[in-house]
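Dropping the structures in below, format is C-alpha coordinates.
You will see chain A twice below: alongside chain B first, and alongside chain C after that.
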Partner chain A sequence: MLLNEMLLIDRIKVNVEAKGWEEAIDIGGNLLIDQALIEKSYIEAVKQTLRSLGPYIVLAPGIAISHSRPENGVHKTCMSLIQLKEPVEFGHDTNDPVKVIFTLATTDKEAHLQSLRQLMSLMMVSEDLEVLFTAKDVDDIIEVINKHS
Partner chain B sequence: MLKILVVCGNGLGSSFLMEMNINKVLKEIGAKVDVDHCDLTSAKGYKANIIVGTKDITSQLVGYAEVLVELNNILDIADMKNKVIEALAKFE
Partner chain C sequence: MITKKFVIKNEHGLHARPASLFCSMASKFKSDIKVKREGKNMEANGKSVISILMLEIYPGSIIEISANGVDEVITLNAITALINSNFE
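And now, the complex of A and B:
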(Lines of atoms letter the chains of each structure in order from A and count residues from 1; the text may use other names and numbers.)
(Lines give C-alpha, C1' and ligand atoms only; values in the text may rest on other atoms or scores of the structure.)
Protein backbone atom coordinates (compact mmCIF):
# COMPACT_ATOMS: atom_id res chain seq x y z
CA MET A 1 0.00 0.00 0.00
CA LEU A 2 1.18 3.47 -0.84
CA LEU A 3 1.73 6.02 1.91
CA ASN A 4 -1.18 8.14 0.64
CA GLU A 5 -3.46 5.09 0.72
CA MET A 6 -2.57 4.46 4.38
CA LEU A 7 -2.55 8.03 5.59
CA LEU A 8 -5.82 9.51 4.34
CA ILE A 9 -6.90 13.09 4.99
CA ASP A 10 -9.36 12.11 7.75
CA ARG A 11 -6.55 10.31 9.60
CA ILE A 12 -4.41 13.43 9.97
CA LYS A 13 -4.82 16.15 12.59
CA VAL A 14 -2.69 19.20 13.28
CA ASN A 15 -2.45 21.41 16.35
CA VAL A 16 -3.71 18.66 18.65
CA GLU A 17 -3.72 19.20 22.41
CA ALA A 18 -2.47 16.37 24.64
CA LYS A 19 -1.32 16.47 28.24
CA GLY A 20 1.17 13.64 28.08
CA TRP A 21 2.41 10.70 26.00
CA GLU A 22 -0.47 8.39 26.92
CA GLU A 23 -3.11 10.88 25.85
CA ALA A 24 -1.18 11.60 22.65
CA ILE A 25 -0.99 7.88 21.82
CA ASP A 26 -4.74 7.58 22.51
CA ILE A 27 -5.63 10.49 20.23
CA GLY A 28 -3.58 9.07 17.36
CA GLY A 29 -5.14 5.66 17.95
CA ASN A 30 -8.70 6.99 18.18
CA LEU A 31 -8.47 8.35 14.64
CA LEU A 32 -8.18 4.70 13.53
CA ILE A 33 -10.50 3.17 16.15
CA ASP A 34 -13.30 5.60 15.16
CA GLN A 35 -13.09 4.31 11.59
CA ALA A 36 -13.18 0.69 12.83
CA LEU A 37 -9.72 0.04 11.35
CA ILE A 38 -8.22 -1.16 14.63
CA GLU A 39 -9.49 -2.23 18.06
CA LYS A 40 -8.90 -0.34 21.28
CA SER A 41 -6.83 -3.34 22.41
CA TYR A 42 -4.20 -2.42 19.80
CA ILE A 43 -3.56 0.96 21.40
CA GLU A 44 -3.56 -0.61 24.88
CA ALA A 45 -0.83 -2.98 23.61
CA VAL A 46 1.20 -0.03 22.29
CA LYS A 47 1.09 1.63 25.70
CA GLN A 48 1.86 -1.61 27.52
CA THR A 49 4.96 -2.18 25.38
CA LEU A 50 6.10 1.39 26.00
CA ARG A 51 5.73 0.92 29.74
CA SER A 52 7.70 -2.32 29.72
CA LEU A 53 10.36 -1.65 27.06
CA GLY A 54 10.73 2.11 27.25
CA PRO A 55 10.17 4.78 24.60
CA TYR A 56 11.93 2.97 21.76
CA ILE A 57 9.21 4.11 19.30
CA VAL A 58 10.61 7.65 19.53
CA LEU A 59 12.84 7.02 16.55
CA ALA A 60 14.15 10.48 15.82
CA PRO A 61 14.03 13.89 17.49
CA GLY A 62 10.38 14.84 17.96
CA ILE A 63 8.99 11.80 16.11
CA ALA A 64 7.27 8.70 17.49
CA ILE A 65 5.83 5.77 15.56
CA SER A 66 3.14 4.25 17.72
CA HIS A 67 2.68 0.61 16.70
CA SER A 68 2.10 -2.89 17.95
CA ARG A 69 1.54 -6.30 16.38
CA PRO A 70 -1.20 -7.46 13.94
CA GLU A 71 -2.69 -9.93 16.44
CA ASN A 72 -3.42 -7.14 18.92
CA GLY A 73 -6.47 -5.96 16.97
CA VAL A 74 -5.91 -4.76 13.39
CA HIS A 75 -8.72 -4.95 10.81
CA LYS A 76 -7.06 -3.01 8.03
CA THR A 77 -3.52 -1.83 7.34
CA CYS A 78 -3.59 1.89 8.05
CA MET A 79 -1.81 4.88 9.53
CA SER A 80 -2.71 8.11 11.29
CA LEU A 81 -0.68 11.23 11.96
CA ILE A 82 -1.08 13.83 14.65
CA GLN A 83 0.94 16.99 15.09
CA LEU A 84 0.78 18.22 18.67
CA LYS A 85 0.23 21.83 19.61
CA GLU A 86 2.65 21.47 22.53
CA PRO A 87 5.16 18.60 22.36
CA VAL A 88 5.07 15.92 25.07
CA GLU A 89 7.77 13.99 26.92
CA PHE A 90 8.08 10.23 26.34
CA GLY A 91 11.09 9.84 28.64
CA HIS A 92 13.56 9.46 25.76
CA ASP A 93 17.15 10.54 26.47
CA THR A 94 17.84 12.31 23.19
CA ASN A 95 14.64 12.57 21.12
CA ASP A 96 12.21 14.24 23.52
CA PRO A 97 9.96 16.17 23.33
CA VAL A 98 7.72 14.57 20.71
CA LYS A 99 5.59 16.67 18.40
CA VAL A 100 4.71 14.31 15.54
CA ILE A 101 3.15 10.91 16.17
CA PHE A 102 2.37 8.32 13.53
CA THR A 103 0.11 5.45 14.53
CA LEU A 104 0.84 2.46 12.33
CA ALA A 105 -1.20 -0.73 12.12
CA THR A 106 -0.59 -3.62 9.77
CA THR A 107 -2.53 -6.84 9.19
CA ASP A 108 0.61 -8.84 8.41
CA LYS A 109 4.39 -8.50 8.18
CA GLU A 110 4.41 -7.23 4.59
CA ALA A 111 1.36 -5.02 3.96
CA HIS A 112 2.88 -1.85 5.40
CA LEU A 113 6.43 -2.08 4.08
CA GLN A 114 6.02 -0.03 0.92
CA SER A 115 4.42 2.81 2.86
CA LEU A 116 7.24 2.69 5.44
CA ARG A 117 9.79 3.00 2.64
CA GLN A 118 7.90 6.05 1.39
CA LEU A 119 7.63 7.47 4.89
CA MET A 120 11.39 7.09 5.31
CA SER A 121 12.01 8.86 2.01
CA LEU A 122 9.79 11.71 3.23
CA MET A 123 11.56 11.96 6.59
CA MET A 124 14.98 12.04 4.92
CA VAL A 125 14.08 15.27 3.09
CA SER A 126 14.42 17.84 5.84
CA GLU A 127 12.13 20.50 4.32
CA ASP A 128 9.38 17.91 3.86
CA LEU A 129 9.84 16.61 7.38
CA GLU A 130 9.62 20.20 8.61
CA VAL A 131 6.14 20.49 7.06
CA LEU A 132 4.91 17.71 9.36
CA PHE A 133 6.13 19.71 12.36
CA THR A 134 4.91 23.14 11.31
CA ALA A 135 1.91 22.79 8.97
CA LYS A 136 -1.18 24.68 10.11
CA ASP A 137 -3.29 23.01 7.46
CA VAL A 138 -3.73 19.28 6.82
CA ASP A 139 -3.64 19.97 3.06
CA ASP A 140 0.03 20.98 3.33
CA ILE A 141 0.79 17.62 4.91
CA ILE A 142 -1.22 15.79 2.25
CA GLU A 143 0.89 17.54 -0.37
CA VAL A 144 4.20 16.17 1.00
CA ILE A 145 2.67 12.73 1.52
CA ASN A 146 1.55 12.65 -2.11
CA LYS A 147 4.99 13.76 -3.21
CA HIS A 148 6.49 10.64 -1.62
CA SER A 149 3.73 8.14 -2.50
CA MET B 1 29.40 -13.53 5.90
CA LEU B 2 28.82 -11.25 8.87
CA LYS B 3 25.27 -10.90 10.01
CA ILE B 4 23.65 -7.72 11.33
CA LEU B 5 20.34 -8.05 13.11
CA VAL B 6 18.20 -4.95 13.60
CA VAL B 7 15.89 -5.32 16.57
CA CYS B 8 12.86 -3.47 17.91
CA GLY B 9 9.99 -4.22 20.26
CA ASN B 10 7.72 -5.78 17.65
CA GLY B 11 10.00 -6.44 14.72
CA LEU B 12 7.55 -4.81 12.32
CA GLY B 13 7.97 -1.06 12.18
CA SER B 14 10.95 0.56 13.84
CA SER B 15 13.41 -2.20 12.98
CA PHE B 16 12.38 -2.15 9.33
CA LEU B 17 12.87 1.62 9.18
CA MET B 18 16.31 1.24 10.76
CA GLU B 19 17.22 -1.63 8.46
CA MET B 20 16.45 0.54 5.43
CA ASN B 21 18.99 3.15 6.42
CA ILE B 22 21.55 0.58 7.51
CA ASN B 23 21.36 -1.02 4.07
CA LYS B 24 21.90 2.44 2.59
CA VAL B 25 25.02 2.90 4.75
CA LEU B 26 26.38 -0.58 3.92
CA LYS B 27 25.94 0.06 0.21
CA GLU B 28 27.69 3.41 0.54
CA ILE B 29 30.72 1.91 2.29
CA GLY B 30 30.70 -1.16 0.05
CA ALA B 31 30.37 -3.69 2.88
CA LYS B 32 28.89 -7.10 2.08
CA VAL B 33 26.90 -8.01 5.15
CA ASP B 34 23.66 -9.91 5.71
CA VAL B 35 20.99 -7.74 7.32
CA ASP B 36 17.74 -8.89 8.87
CA HIS B 37 15.25 -7.45 11.38
CA CYS B 38 13.13 -9.00 14.10
CA ASP B 39 11.50 -8.46 17.49
CA LEU B 40 13.20 -8.53 20.85
CA THR B 41 12.10 -12.05 21.82
CA SER B 42 13.13 -13.64 18.52
CA ALA B 43 16.46 -11.81 18.65
CA LYS B 44 17.47 -13.90 21.64
CA GLY B 45 17.32 -17.06 19.57
CA TYR B 46 19.07 -15.60 16.55
CA LYS B 47 22.74 -15.93 15.67
CA ALA B 48 24.02 -12.51 14.64
CA ASN B 49 27.47 -10.94 14.88
CA ILE B 50 26.12 -7.44 15.35
CA ILE B 51 22.83 -6.37 16.88
CA VAL B 52 21.52 -2.87 16.15
CA GLY B 53 18.70 -1.23 18.06
CA THR B 54 17.69 1.73 20.16
CA LYS B 55 19.05 1.85 23.69
CA ASP B 56 15.95 0.39 25.38
CA ILE B 57 16.32 -2.64 23.15
CA THR B 58 20.08 -3.21 23.03
CA SER B 59 20.31 -2.93 26.82
CA GLN B 60 18.21 -6.13 26.97
CA LEU B 61 20.38 -7.97 24.46
CA VAL B 62 23.78 -7.81 26.16
CA GLY B 63 25.55 -11.12 25.46
CA TYR B 64 23.39 -12.08 22.45
CA ALA B 65 25.85 -10.80 19.83
CA GLU B 66 29.57 -10.00 19.72
CA VAL B 67 28.90 -6.32 19.13
CA LEU B 68 25.90 -4.18 20.07
CA VAL B 69 25.23 -0.94 18.24
CA GLU B 70 22.97 1.60 19.89
CA LEU B 71 21.17 4.15 17.72
CA ASN B 72 19.40 7.25 19.00
CA ASN B 73 18.13 8.83 15.82
CA ILE B 74 17.29 6.65 12.84
CA LEU B 75 17.39 9.65 10.49
CA ASP B 76 20.99 10.50 11.41
CA ILE B 77 22.78 8.65 8.63
CA ALA B 78 26.20 10.11 9.51
CA ASP B 79 26.00 8.77 13.07
CA MET B 80 24.72 5.43 11.84
CA LYS B 81 27.57 5.22 9.33
CA ASN B 82 30.21 5.90 11.98
CA LYS B 83 28.75 3.32 14.32
CA VAL B 84 28.45 0.66 11.61
CA ILE B 85 32.03 1.24 10.42
CA GLU B 86 33.26 1.01 14.00
CA ALA B 87 31.31 -2.22 14.60
CA LEU B 88 32.52 -3.84 11.37
CA ALA B 89 36.13 -2.91 12.18
CA LYS B 90 35.97 -5.24 15.18
CA PHE B 91 35.69 -8.21 12.79
CA GLU B 92 38.62 -7.31 10.53
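And now, the complex of A and C:
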Protein backbone atom coordinates (compact mmCIF):
# COMPACT_ATOMS: atom_id res chain seq x y z
CA MET A 1 0.00 0.00 0.00
CA LEU A 2 1.31 3.41 -0.93
CA LEU A 3 1.67 6.18 1.62
CA ASN A 4 -1.03 8.27 -0.08
CA GLU A 5 -3.40 5.30 -0.03
CA MET A 6 -3.10 5.03 3.75
CA LEU A 7 -2.89 8.70 4.65
CA LEU A 8 -5.96 10.19 3.01
CA ILE A 9 -6.91 13.85 3.17
CA ASP A 10 -9.64 13.32 5.79
CA ARG A 11 -7.09 11.66 8.07
CA ILE A 12 -4.85 14.74 8.28
CA LYS A 13 -5.36 17.72 10.58
CA VAL A 14 -3.17 20.78 11.13
CA ASN A 15 -3.03 23.29 13.97
CA VAL A 16 -4.54 20.83 16.46
CA GLU A 17 -4.76 21.78 20.11
CA ALA A 18 -3.77 19.17 22.71
CA LYS A 19 -2.84 19.64 26.33
CA GLY A 20 -0.47 16.71 26.64
CA TRP A 21 0.77 13.55 24.96
CA GLU A 22 -2.23 11.43 25.93
CA GLU A 23 -4.71 13.86 24.42
CA ALA A 24 -2.56 14.18 21.31
CA ILE A 25 -2.45 10.39 20.87
CA ASP A 26 -6.25 10.27 21.34
CA ILE A 27 -6.88 12.94 18.70
CA GLY A 28 -4.69 11.17 16.15
CA GLY A 29 -6.44 7.88 16.98
CA ASN A 30 -9.93 9.37 16.81
CA LEU A 31 -9.41 10.31 13.17
CA LEU A 32 -9.20 6.57 12.47
CA ILE A 33 -11.76 5.41 15.07
CA ASP A 34 -14.37 7.79 13.62
CA GLN A 35 -13.97 6.11 10.23
CA ALA A 36 -14.31 2.66 11.86
CA LEU A 37 -10.80 1.73 10.69
CA ILE A 38 -9.56 0.85 14.19
CA GLU A 39 -11.06 0.21 17.63
CA LYS A 40 -10.58 2.45 20.64
CA SER A 41 -8.74 -0.50 22.25
CA TYR A 42 -5.90 0.04 19.75
CA ILE A 43 -5.24 3.57 20.99
CA GLU A 44 -5.59 2.47 24.62
CA ALA A 45 -2.88 -0.13 23.89
CA VAL A 46 -0.61 2.57 22.42
CA LYS A 47 -0.92 4.64 25.60
CA GLN A 48 -0.49 1.65 27.89
CA THR A 49 2.72 0.64 26.10
CA LEU A 50 4.06 4.18 26.36
CA ARG A 51 3.36 4.28 30.07
CA SER A 52 5.14 0.97 30.65
CA LEU A 53 7.99 1.08 28.12
CA GLY A 54 8.59 4.80 27.69
CA PRO A 55 8.31 7.17 24.73
CA TYR A 56 10.19 5.07 22.14
CA ILE A 57 7.59 6.00 19.50
CA VAL A 58 9.17 9.48 19.34
CA LEU A 59 11.40 8.40 16.48
CA ALA A 60 12.96 11.68 15.47
CA PRO A 61 13.07 15.25 16.79
CA GLY A 62 9.47 16.47 17.05
CA ILE A 63 7.93 13.36 15.48
CA ALA A 64 6.06 10.44 17.03
CA ILE A 65 4.66 7.38 15.28
CA SER A 66 1.80 6.18 17.44
CA HIS A 67 1.34 2.46 16.86
CA SER A 68 0.57 -0.85 18.47
CA ARG A 69 0.06 -4.44 17.34
CA PRO A 70 -2.53 -5.60 14.79
CA GLU A 71 -4.32 -7.78 17.37
CA ASN A 72 -5.18 -4.73 19.49
CA GLY A 73 -8.04 -3.71 17.19
CA VAL A 74 -7.30 -2.90 13.54
CA HIS A 75 -9.94 -3.35 10.81
CA LYS A 76 -8.05 -1.79 7.93
CA THR A 77 -4.43 -0.76 7.40
CA CYS A 78 -4.42 3.02 7.67
CA MET A 79 -2.61 6.09 8.92
CA SER A 80 -3.47 9.52 10.27
CA LEU A 81 -1.38 12.64 10.76
CA ILE A 82 -1.86 15.53 13.15
CA GLN A 83 0.25 18.64 13.40
CA LEU A 84 -0.07 20.25 16.83
CA LYS A 85 -0.53 23.96 17.36
CA GLU A 86 1.73 23.80 20.41
CA PRO A 87 4.14 20.87 20.75
CA VAL A 88 3.76 18.47 23.68
CA GLU A 89 6.29 16.65 25.86
CA PHE A 90 6.48 12.86 25.72
CA GLY A 91 9.39 12.58 28.12
CA HIS A 92 11.93 11.64 25.43
CA ASP A 93 15.57 12.46 26.19
CA THR A 94 16.47 13.99 22.86
CA ASN A 95 13.41 14.24 20.59
CA ASP A 96 10.97 16.27 22.69
CA PRO A 97 8.83 18.30 22.21
CA VAL A 98 6.61 16.59 19.63
CA LYS A 99 4.75 18.59 17.00
CA VAL A 100 3.80 15.95 14.43
CA ILE A 101 2.11 12.64 15.26
CA PHE A 102 1.44 9.85 12.80
CA THR A 103 -0.94 7.14 13.95
CA LEU A 104 -0.17 3.91 12.13
CA ALA A 105 -2.43 0.87 12.20
CA THR A 106 -1.79 -2.27 10.24
CA THR A 107 -3.71 -5.53 9.90
CA ASP A 108 -0.61 -7.67 9.51
CA LYS A 109 3.16 -7.39 9.48
CA GLU A 110 3.50 -6.83 5.73
CA ALA A 111 0.58 -4.57 4.71
CA HIS A 112 2.19 -1.34 5.81
CA LEU A 113 5.81 -1.89 4.84
CA GLN A 114 5.82 -0.06 1.54
CA SER A 115 4.10 2.99 3.01
CA LEU A 116 6.37 2.96 6.04
CA ARG A 117 9.39 2.88 3.74
CA GLN A 118 7.95 5.89 1.93
CA LEU A 119 7.30 7.68 5.20
CA MET A 120 10.87 7.05 6.37
CA SER A 121 12.26 8.43 3.13
CA LEU A 122 10.06 11.50 3.53
CA MET A 123 11.49 11.94 7.00
CA MET A 124 15.03 11.96 5.57
CA VAL A 125 14.27 15.03 3.42
CA SER A 126 14.40 18.06 5.67
CA GLU A 127 12.50 20.51 3.45
CA ASP A 128 9.60 18.06 3.13
CA LEU A 129 9.63 17.42 6.85
CA GLU A 130 9.49 21.16 7.40
CA VAL A 131 6.19 21.26 5.48
CA LEU A 132 4.69 18.76 7.93
CA PHE A 133 5.76 20.96 10.84
CA THR A 134 4.67 24.31 9.43
CA ALA A 135 1.89 23.81 6.83
CA LYS A 136 -1.26 25.79 7.52
CA ASP A 137 -3.15 24.00 4.77
CA VAL A 138 -3.66 20.22 4.55
CA ASP A 139 -3.22 20.43 0.77
CA ASP A 140 0.45 21.37 1.26
CA ILE A 141 0.94 18.21 3.30
CA ILE A 142 -0.89 16.12 0.69
CA GLU A 143 1.52 17.46 -1.93
CA VAL A 144 4.50 16.19 0.10
CA ILE A 145 2.79 12.85 0.78
CA ASN A 146 2.12 12.38 -2.94
CA LYS A 147 5.71 13.22 -3.80
CA HIS A 148 6.86 10.30 -1.64
CA SER A 149 4.15 7.80 -2.69
CA MET B 1 37.60 1.72 12.85
CA ILE B 2 36.35 -1.65 14.04
CA THR B 3 33.51 -3.70 12.61
CA LYS B 4 31.51 -6.68 13.76
CA LYS B 5 28.77 -8.84 12.22
CA PHE B 6 25.62 -9.99 13.98
CA VAL B 7 22.61 -12.16 13.24
CA ILE B 8 19.47 -10.49 14.55
CA LYS B 9 17.40 -12.94 16.58
CA ASN B 10 14.76 -10.98 18.46
CA GLU B 11 11.14 -11.68 17.56
CA HIS B 12 10.31 -8.77 15.24
CA GLY B 13 13.75 -7.60 14.15
CA LEU B 14 14.71 -3.94 14.52
CA HIS B 15 11.25 -2.36 14.68
CA ALA B 16 10.61 0.89 16.50
CA ARG B 17 11.44 -0.10 20.05
CA PRO B 18 14.69 -2.07 19.49
CA ALA B 19 15.82 0.53 16.94
CA SER B 20 15.16 3.23 19.50
CA LEU B 21 17.11 1.33 22.17
CA PHE B 22 19.95 0.84 19.68
CA CYS B 23 20.14 4.57 18.94
CA SER B 24 19.93 5.58 22.59
CA MET B 25 22.87 3.29 23.29
CA ALA B 26 24.80 4.46 20.22
CA SER B 27 24.23 8.11 21.09
CA LYS B 28 25.91 7.73 24.47
CA PHE B 29 29.28 7.36 22.74
CA LYS B 30 31.49 9.68 20.72
CA SER B 31 32.27 7.25 17.92
CA ASP B 32 30.49 7.37 14.58
CA ILE B 33 28.40 4.25 14.17
CA LYS B 34 27.37 2.88 10.81
CA VAL B 35 25.07 -0.07 10.21
CA LYS B 36 24.67 -2.16 7.06
CA ARG B 37 22.43 -5.13 6.33
CA GLU B 38 23.30 -7.95 3.96
CA GLY B 39 21.15 -7.63 0.86
CA LYS B 40 20.51 -3.91 1.21
CA ASN B 41 22.69 -1.36 -0.51
CA MET B 42 22.57 1.35 2.11
CA GLU B 43 24.57 2.49 5.11
CA ALA B 44 22.59 3.71 8.11
CA ASN B 45 23.63 6.18 10.76
CA GLY B 46 23.51 4.20 14.02
CA LYS B 47 22.40 7.28 15.93
CA SER B 48 19.23 7.84 13.83
CA VAL B 49 16.18 5.65 14.44
CA ILE B 50 14.72 6.56 11.05
CA SER B 51 17.94 5.63 9.31
CA ILE B 52 18.03 2.23 11.07
CA LEU B 53 14.36 1.52 10.33
CA MET B 54 15.10 2.12 6.65
CA LEU B 55 17.46 -0.87 6.67
CA GLU B 56 14.43 -3.13 7.30
CA ILE B 57 16.17 -5.53 9.64
CA TYR B 58 14.16 -8.68 10.38
CA PRO B 59 14.76 -11.80 12.45
CA GLY B 60 17.59 -13.67 10.73
CA SER B 61 19.01 -10.56 9.06
CA ILE B 62 22.79 -10.30 9.09
CA ILE B 63 24.02 -6.84 9.93
CA GLU B 64 27.46 -5.28 10.07
CA ILE B 65 28.16 -2.54 12.55
CA SER B 66 31.20 -0.31 12.43
CA ALA B 67 32.35 2.10 15.10
CA ASN B 68 34.92 4.78 14.40
CA GLY B 69 36.28 7.11 17.08
CA VAL B 70 38.18 7.42 20.34
CA ASP B 71 35.78 5.13 22.21
CA GLU B 72 35.10 2.66 19.40
CA VAL B 73 35.97 -0.48 21.39
CA ILE B 74 33.69 0.27 24.32
CA THR B 75 30.98 1.45 21.92
CA LEU B 76 30.95 -1.80 20.01
CA ASN B 77 31.07 -3.80 23.26
CA ALA B 78 28.00 -1.98 24.55
CA ILE B 79 26.12 -2.54 21.29
CA THR B 80 27.14 -6.20 21.27
CA ALA B 81 25.69 -6.63 24.76
CA LEU B 82 22.44 -4.98 23.67
CA ILE B 83 22.06 -7.20 20.60
CA ASN B 84 23.00 -10.35 22.52
CA SER B 85 20.30 -9.54 25.07
CA ASN B 86 17.80 -9.51 22.16
CA PHE B 87 16.98 -5.94 23.21
CA GLU B 88 15.30 -7.10 26.41
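We take it that the second predicted complex is superposed on the first by the 149 of 149 C-alpha atoms of A that agree within 3 Å, B and C clash if a C-alpha of one lies under 4 Å from a C-alpha of the other, contacts with A are read in each partner's own complex, and residues count from 1 in each chain.
In the analysis below, contacts are C-beta pairs under 8 Å (C-beta built on N, C-alpha and C of every residue); 3 or more make two chains touch, one makes a residue touch a chain.
Since the model is a prediction, treat every value here as computed from it, not as a measurement.
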Touching partner for A:Thr106 - first (chain B), second (chain C), both, neither: first
Chain B versus chain C as contact partner of A:Pro61, first or second or both or neither: first
Which partner, chain B or chain C, touches more chain A residues: B
Interface residues of chain A shared between complexes with chain B and chain C: 53, 56-57, 59-60, 65, 67, 93-94, 109, 113, 116-117, 120, 123-124
Chain A residues within the chain B interface of the complex: 49, 53-57, 59-61, 65, 67-70, 93-95, 104, 106, 109, 112-113, 116-117, 119-120, 123-124, 129
Residue ranges of chain C in contact with chain A within the complex: 12, 16-17, 19-21, 24, 27, 48-51, 53-54, 56
Interfacial residue positions of chain A with respect to chain C in the complex: 53, 56-57, 59-60, 65, 67, 93-94, 109, 113, 116-117, 120-121, 123-124
Sites on chain B touched by chain A in the complex: 8-10, 12-14, 16-18, 20-21, 40, 53-57, 60, 72-77
